[in-house]
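In the two complexes below, chain A is the common chain; its partner is chain B in one and chain C in the other.
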Partner chain A sequence: MGYSNLQKKKLRFVFFWISIIFLLYLFLRFIPIISTFYLSFFRWDLIRPVKPFVGFNNFIRLLQDENFKIAIWNTSLFAFIVVTFTLLFSLLVALALERKIAGGSVFEIIFFLPIVIPLVPISLTWKWIYDPTNGVLNYLIGLVDIPKQGWLINPRLSLGSIMAMTIWQRIGYNMIIFLVGLREIPAQFYEAAKVDGAGKWQTFISITLPLLIPITLYLTVMNTIEAFRIFTPVYVMTTGAQGAPASAVRVLVMDIYQNAFRYFNLGYASAESLVLFLIILLISLLQFGVFRKRGVLA
Partner chain B sequence: MISTSLKTEGEVLLYPPTFFPRVITLTNYIQIASEASFPRYLLNSILIVVASTSIAVFTSCIGGYIFAKFRFPGKNLIFILILATTMIPFQTYMVPFYLMMKNLQLIDTYLGIMLPLFVTSFGIFFIRQNSISIPDELIDAARIDGGTEWSIFLNLILRLLTAPISAIAIFTFMFGWKFFIWPLIMTNSPKKFVLELGLTTLANRNAMDYGLQMTGAVFSIIPILLTFFILRKKFVSGITMTGMKG
Partner chain C sequence: MKRALCVALLTLLMLCFGLPAFSRGQEEEILEKKGTIKIWVGWSLLMDVFDKVEKDYEAENPGVDLEIAAFKLRDFEQKLAISIPAGQAPDIFVTSEYIVPQYIETGYIAKPPKEIVSFVESKYDKLVQSVNRFKGPDDVKPGIYGIPHIGIARVIYYNKKIFRESGLPDRAPATWDEVFDFGKKAARYDAQGTLERGGISLRLFGGGSGIAEKFTIKLVQAGGTLLGQTADGKWKANYDNQAGVDALSFYIDCLHKYKIDSFEIKHDSDAFINGQTAMFQRELWPIPIYKSKAPDLEFGTSVMPSSKKGGTAYSTESAFVPKSCKNKTLAWDVAKYFNQPVYLKQWFETQGWVPPRIDIDYSDIFAKTPEYKSAFQFPEGYLLALYPPLTPVDEIYTKFAERISNAFRDSSLVDNPAGMATILKKAANETNQILKDNGLFGEGKVVKPTWVEAPKDIGYKF
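Right after this comes the complex of A and B.
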């Protein structure tokens, strides 16, 4: 008797809260995600009352859309370069810091601040650093007699300038994760290598690097997905005077934003969102594939 | 950045730039503070982030705890569905979500800005992982003592989960504070602007006045920096613990 009563009470508690959570998910995640698929087959113009079904028309239009092609190219290039250099630099910094400082608070603050500070103030500060007439960067390169550059205004430099800022901003986080990985490598491995007479470089190549592969893979995927979602720095740096030309730094989310909320083509923007979704899905699946393969081999 | 915010408008435009201000001036700060709107943005940000963080922490705890310690039909399916959404970034479904908000007339409301932050799959997952190790005997003992499920959750479980809860709180707080694209889409009236949004507007209106812009930037990061310095140890362990997305 008492047992079933308890069971009933348990069930009521579970049912009540799980329903709430499920409804929240339904409303905040599942329905919007499914609607992206649905909307992408319509010509859904915010201003027009008629929203006809157009089949794959939006996707066909995307393939012919110069802006979309530029956005895909820019975003991929951005992701490739930012991820490569972020990982490279943060690994180097992590290696340099590993021996000397065991988490000194000054370093903690230096590397955590770019993670903590939101991207809008960061981007604004960099916009000022990049300013063609008064910027700090032009002043610094002026010291070694390099002529002033329009870091953001010059279409050939603007994407690179935003990449540099993003790399700077992301090193802290990646470095910390690398440090965690480095500290988890057992000291015996290094001692054994020493006994065997391995040099520093040899130890690094045959012990440190292989043991860091799982973490590097994880960071590669995380950073790539993050890079494909880039929006805020591009938005901040292209708006207003002294900004970068929109076409030179057009990235995928920026293009989605403009199609949806400047031109009000919600159906078209949904089709574009679906492409972004597929790209990110592909990257995630790649991660799973690689991890599973490694699991089998190990 | 802080240095520039303290410069006079004339000195900001000096070339070569000075590293430290020659004359320290608070004009920019007075202008920001008196522009009435900036304190308002700050208030909006705090309101939105604190409210949504509290709700997200709550949904993570109750969801995580139930997924860890109860058995019910459909549990695995629901859990997998919830986890699957972590792989789908907000940007991919913000367009239909905006339409939903429009139909519900939630555009330009605090509730509409906060809504996407109410649940976090990572939070549910993280609390679940941390709840599994709570001994069943402990919960059963509390049941025998006559505690209701609700009171057990409030008085026992939440107390045992303090460390992961603060990690999740920091995670969602920072995420909410940085959330930019959604408030940008959702807000029309400056009265509802969050700090980040107010800052971009300020920057666009005074594109050449870097002193004022930097002041706005400094002003906008003071709250998060204060929180960071006060809770530094927790932030550091929270970020490494959750392997957070920056």
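Right after this comes the complex of A and C.
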């Protein structure tokens, strides 16, 4: 069965526009990803003209690289704490806003605002908040006689300070998703629970939480991936003489950036990127596994 | 026969008249001031004067368009790394003696004409000349590749008012012991014992190699350098020794023993201008800022306090022309133009950007701002720690900076030379591994540290 002229015209139109998107994806995503794989097997210095093939040497060096180990540890710790507390606080805020309180939508906007502001101005603002001498935070804790802290410059506090900022920034987005999930739970479930004499806590544990599991899983995975890709706040907050100590806040993408664009070792940085890719891939596979097991995915 | 004679005659005529005409034509073409010259710098504070350079040069040479851009230092270094190998570099760029060797070694930088070399050799101070000699792929011995634009030694700043209030003399400490003593007297604590005003502000944190650079100042005073050359002309770490332990213990003592600095207060120039530290060490660029933004700030500068030796860190910036530049003669003309006395004096006076030309009379500036003098007048035997001219020097400094920054917070290192030696040994292994990866590691003892003795008179007239 042949296509009519109109159908052919429509198909040409569709293929033309799809091919543009495909080409863009090819050049902006696919080729750089393949190039990263390729570069990871070379000693690819940005400046030197000779770029010898080194096999798996970059990966072997990674295993012995203390900075890489610190970066893996810091990133994992960052991801664990940020994801846990972001989800917890987001759920609490969503539960509070779901009660249809007066001005609830205003609060929703306020909580959501940080997610629409670019990370650079947010990080700079928090750098001022954390300023040891003139920062708002030290002023506030001073009101209750807590000594001033070097929130960013004290290596014991710096990673935690960036975690706090990230949690604050992400609550809004997660809260909105939880809110959607909460509003999707049919009211008759709660009515049935009420008829059965279930208290608020029991209702929450037996109805709300189980029905939020698909959303929670989705948010856990997405937040974990985001947390492993953390870079901007770390970069902004470690810049300059008043910045955080780099080793205390060394995360994977920061380490990749430093190797690639500070030391110009693109081959080594590519190997590191590949490891990050595998970590994220593993998390994504885990997500699909859990979803399938719970029957969320067909 | 006649035809052959004609051809020979014609050839002779061409040789007699044609070649000179050709070469004249070439000369005219080379000297023709037409086209666009792009200049990149890594210091935005230079731009005020560069704007004037651009205006003046374009007015004097209507056919030339100058495009001058300043970037943040690290962004600038990245832009160079990408653009130079790609042949897309600017026509002139101003950078330091530790960034440029990798481009010279790989043959990306043009050699200046003889006229520029003799200009530099006759008009620039001895130090800046000795530091700015590099070996390209075809060179037998190191030579001049750029026009120096700055040569700067770090100095110590002290707050005169705080010193007076603390019963201290009107001078900077001369020794490490005096630093501790002056620092203890100048430091202030709140009711809970938290440091409110530092005795001295050391560079303890912040990303980048700045921590290591400042550490080398203490290292040179303790008799060491970050790297040293071995007998075979290669390199190795030169801080996993007593000098390294002494330099590290200076920091540890300031932080944990005498508590005259801490991780809980603001640091560096920002702290000094706000009276939150009595002393700190830096280049000269804060001076014009203090003069304009904090005219009431009473401060003095001095050469660095000494320990086993007296010394400080010294670095330079020069203007280079890459091989990819289409009109090198014009580029060198522009580079020479912005190194004229009128602009150099403006940079010096308004930005504290130290000009290395010694044929200029700076006495009016020194009279107005005597704080500048300490970067030019060195006591006998004063050592200047230099950046080694090596490709991976930034990686070495940055990674060392991270290790040393971690060590600063370890209070168990107080009076613990063995603990400090262990940390320094591990750091040295990392430094040496980077050198090995780059084929630069030398076995055996360090025979030549990366310092030079400052000449008593480097050529400036005060």
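Criterion: the second predicted complex is superposed on the first by the 270 of 298 C-alpha atoms of A that agree within 3 Å, B and C clash if a C-alpha of one lies under 4 Å from a C-alpha of the other, contacts with A are read in each partner's own complex, and residues count from 1 in each chain.
Operating definition for what follows: contacts are C-beta pairs under 8 Å (C-beta built on N, C-alpha and C of every residue); 3 or more make two chains touch, one makes a residue touch a chain.
Everything quoted here is computed from the prediction, not taken from an experiment.
Asker: With everything superposed onto chain A, say whether chain B and chain C fit together or clash.
Answerer: After superposition on chain A, which the two structures share, chain B sits beside chain C with no clash.
Asker: In the overlaid three-chain picture, which partner chain does A:247 touch, first (chain B) or second (chain C), both, or neither?
Answerer: Only chain C is touched by A:247; chain B is not.
Asker: What is the contact status of A:25 with respect to chain B (first) and chain C (second): first, second, both, or neither?
Answerer: Touch status of A:25: first partner only.
Asker: Report for A:48: first if it touches chain B alone, second if chain C alone, otherwise both or neither.
Answerer: Second partner only, chain C.
Asker: Which partner does A:239 reach: the first (chain B), the second (chain C), both, or neither?
Answerer: both
Asker: If you count the residues of chain A that each partner touches, which comes out higher, chain B or chain C?
Answerer: Residues of chain A touched, chain B against chain C: more for B.
Asker: So in the superposed three-chain picture, is A:128 touching just chain B, just chain C, both, or none of them (first/second/both/neither)?
Answerer: Only chain B is touched by A:128; chain C is not.
Asker: One more residue to check, A:93. First (chain B), second (chain C), both or neither?
Answerer: Touch status of A:93: no partner.
Asker: Just to be sure I read the superposition right, which of the two partners does A:149 touch: chain B = first, chain C = second, or both, or neither?
Answerer: In the superposition, A:149 contacts chain C only.
Asker: With the two structures laid over each other on chain A, which partner does A:256 touch: chain B (first), chain C (second), both, or neither?
Answerer: Only chain B is touched by A:256; chain C is not.
Asker: In the combined three-chain arrangement, what's the angle at chain A toward chain B and chain C (CA centres, steps of 10°)?
Answerer: Result: 80 degrees at the vertex chain A.
Asker: Of the two partner chains, chain B (first) and chain C (second), which one does A:264 touch, if any: first, second, both, or neither?
Answerer: The second partner, chain C, only.
Asker: Could you state the shortest Cα distance, in Å, between chain B and chain C after the structures are superposed?
Answerer: 5
Asker: Which positions of chain A sit in both the chain B and the chain C interface?
Answerer: Shared contact residues on chain A: 131, 133-134, 239-242, 261.
Asker: For chain C, which residues are in contact with chain A within the complex?
Answerer: Chain C reaches chain A through residues 74, 77-78, 81-82, 84-85, 102-103, 106, 190, 192, 194, 203-208, 210, 262-271, 274, 276, 391-392, 394-395, 398-399, 401-403, 405-406, 409, 430.
Asker: Across the complex, what residues on chain A touch chain C?
Answerer: Touching chain C from chain A are residues 46-49, 66-67, 131-134, 147-150, 153-156, 238-248, 250, 258, 261-264.
Asker: Show me the residue ranges of chain B that touch chain A in the complex, using the header's touch definition.
Answerer: Those in contact with chain A are residues 1, 4, 12-17, 59, 62-63, 66, 70, 72, 78, 81-82, 85, 87-89, 91-100, 115-116, 118-119, 124, 143, 148-150, 174, 177-178, 180-181, 184-185, 196, 199-200, 203-204, 207-208, 210, 213-214, 216-218, 220-221, 224-225, 228, 232, 235-236, 239-240, 243-246.
Asker: Flag every residue of chain A that touches chain B in the complex, lowest number first.
Answerer: 6, 9-15, 17-18, 20-22, 24-25, 27-33, 35-36, 38-39, 105, 108-109, 112-113, 115-121, 124-125, 127-128, 131, 133-136, 139, 142, 169-170, 172-173, 176-177, 180, 222, 225-226, 229, 231-232, 235-236, 239-242, 253, 256-257, 260-261, 266, 269-270, 273-274, 276-277, 280-281, 284
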